[in-house]
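Remarks on the structure that follows.
Letters A, B, C, D and E name the chains as they come in the text, with residue numbers starting at 1 for each one.
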């Protein structure tokens, strides 16, 4: 699905947006580490995990960025021409799944950790959410790698089962625990879950596109932008909201 | 607008000034992080953001610097000759907008955070300033990318609306809150706003130049120098004044 | 045993899994350093060592990764072809032994340190475990480098003696000390030892493969994946369980 | 003035001495940051600035080093031959002035900060020393870039005026304040000023050399060594003496 | 003395051992910095210096490693052939002396600092040991660079004088101060001095080899291994023993 050729505008757009993601993830991570002492100890686990998630994403986007700039080249002076795939290098999309395998379980851990629930409830949630998340990514990978749409479809379907289960746990089971949260943060937590739903939905939709025959360099550029925006929202914004919740709870716990 | 050729003096001048910006931003950022424990906790948010802003700028100037040195080459021994645009690489000016998209909203956040206003006033200011800042940059980008002066003009005009709104909020609304600041810092805060006005003005003026037919390699070199100086003032000096205000308020709060 | 040629799928798989190991080790290391203040001082030695172990592994996988990407090249556009060994560079497998020489003794130190035994018991355990571990690796190295199966066999056997001794100390002698551990963590420590047994077993088994005639590029790819997974489990997961034990003991000590 | 060719011994000497400067500056900087908690809060500003100065110098020497190794090349096996200027790259001496522009004012700030004078005296000293230092460097730059000796001489003279003024302030005005320093440190502060005088003197002298017809590769190598040694003394040793003064004052203040 | 050609085994051995030194020095340095808060403030100077020493060594071995891999190349597929000196690059042995110039005085400072003697005794020891150490290295350098054995011999002899003096101070004068150390650490300090004697002795012996006609690629490879092992023992192990002493004294001082 990687296009053979990109216009300069397409090339520069992806270039700039990948660089934007690196900067966003890296500096969100640094911000969270620096801000750690500003929340009560019991919320630091959540913030540390949020910082780690953004750090991992910065690392992977750094590789994605380099993979992209090496894979597409032009011979035009000042880069004012088309960029084509080079001999000897490839744009490696597998990185995304490597990233997700590490970060998606951690994103759920972040959420559960910031709630600071009873130890028992917390570990019950995690022992269900984390394996489901890992399974979801692991099942999607062979589908993504497959060359025929049938295999792609089957693995996509299998991967959707743990996805549905995660959503069920988050929206049905977790809701019960929300009552024990301070009133002021309940709204922010709901917002956070909505953000999670909205951004996580991007990934299975993007997965569908090739099956729907949506192809070509424009679709591909759009897809890269979509992934990039979703990654900023699902990790940076998400982590910053976690920080906000931790700050609010630190205040209300102190009283 | 990127010139086809630069003299060695022009090349070296840009080279040195870009390196100066990297050093300034990077070490201001490090200085602010190290100095964090020297202000009261309530001002650390402002300082952390100031450090992040300079860190992001250092990252982007590092890329701008590399983009520049790769885009212009010479064949003269000892570099004593003209530098021309190379085949296969381009000087990527889009970076600046990526940088602004992240740092301009944060610069306003810094300012509001150091005032340590009532929670309500603060969030009212931020929910107006931050979207306006993001909108201003986002509207300027298509104008900058456009090849005709009409599109450039229209988007420039649209972008000026949120700009005017930001200035209105800063100079009319914020003034009311200044009365609640300790007398000793009021003057410094006014100074800070003036610095903001003077440096932020550089960017829309630079945007106008190509439309006014001011072109050629000298104008372009001047523009790069102008951007660089404005970036040092608007981020490093600004951040250091924020630090000074935070130190002064830390003293007066303690008494 | 290094294959002359890899398919793109094989190349990309190793590429992605090596990158996964780098990310896992690096960010586990950072996580542990950040989390240091969250356990009682008496457990920080264990956590510091765990962080150092993962840091060393990140460093070595970074070199292994670069060694791999430089050693195998393709001429196909977009990398869609076979990758063959290049002239002038080699995939350097010796790194693994350098890594083990440093990390295997430290992994045992981690384990002993987290138990926080009496100073005397602790040093008696360490003065036996650490030299045995160093000896085990040092004896395996010449076998690995040998070209004939006899030498390989002999050194493998010699190396197995200290290995057996380590297992004896861990499973017989250490068991006595376990009674003095708080009841809640006893189970987790047993789990940790099982993890150690299961993952450390991978390395001598992998050592046997060439002798058993299991060769070819598929076996080699499998071996690299096996090493990678074992390294993540034996260092990252292991370190995180150490962290968990330290947290649990910090709670129970405080009461 | 850059020589066309260097012997291997000359090349290796500069190479090693530049590397020595990088290591000295970088690790002095790290040392000072780590040692920050070991002085009283009121002296941390001085130490932070000292660390930043050495950090900036490490950054610039890293660039100077790379600029040097890229600018001179040999074709001899094992590097056992002459090194000549390469086509397409230049040894960029402008870096030094960029470095001075940032570090020379900061060196004066360091000195004033460690004295911990009354707020008023302090700001009176700084508002005179810092602009003078910036002016001195800014006036020297066009002279250094000029190709004729007249321009060089005129700007050198102009630059000497603020230099003389700085020395006047340091040796006449500051002396009055010294009486208020604890007796034990008065000697060390005098020593520090002497070090400043001796090392800062190197730069205008080096500036004179081309005008005096002292040229050729030996003179140039000598100049690079002179700059390097002066930079180590004027930044690292100077910073370490500042640290010593801060330690001594921390003790005497505590009593 | 640098050999013209290395077998693959020789090349890989040096490659792996240099990488081992980098990892050892870098992570010992990080370990010591992380462990700083675990000793009493009065021992932190010693630990900081130990960390700086290992950091400086990591930096230099990083350069030595790169210098080595660039200086020797092969044309064989998979690197399975001889490695010869390349045109245009050299293996730069001068780095070692640059490293020693910085680290040898610091190693003596470490030792004196951990003893935490009376201020007066301490400065009397340092004002004799540090200049002697610097002189010893500075006198050895011209001998190492000389091409004839006579010059080599003379400077070697001159360099041995300060070396003898250092040993005299350490083993005669220092012994008197040892009585004031807590009984538990006296043995460890003696051990440390023995380690110093045994490892420092390696360097003058290695210096003698070329004069004794011990030459050829095997001798050279042996020498590199010898230097590497000595550097690990004289810096990493030495620093870790310093850490142990500081821990022990922290305990006994607290009682």
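Throughout what follows, a contact is a pair of C-beta atoms (placed from the backbone, for glycine too) under 8 Å apart; a residue touches a chain by one contact, two chains touch by 3 or more.
Predicted, not measured: the structure shown is a model, and the values here were computed from it.
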item	value
Other chains in touch with both chain B and chain C	A
Proportion of interface numbers common to chain D and chain E (over half same, under half different)	different
Whole-Å separation of chain centres (CA-atom averages), chain B against chain D	29
Separation of mean Cα positions, chain E and chain B [Å, integer]	47
Multi-chain contact sites of chain B, meaning residues that touch two or more partners	none
Graph class of chain-chain contacts, one of line, ring, star, complete, other	ring
Ring order of chains, beginning at chain A and proceeding to chain C	A, C, E, D, B
Residues on chain C engaged by chain E in the complex (per definition of touch)	2, 4, 33, 36, 41, 44-45, 48-49, 51-52, 55-56, 59-60, 63, 71, 85-92, 94-95, 97-99, 101-102, 145
For the chain E and chain C complex, residues of the former touching the latter	8-9, 12, 15-16, 19-20, 22-24, 26-27, 30-31, 34-35, 38, 73-80
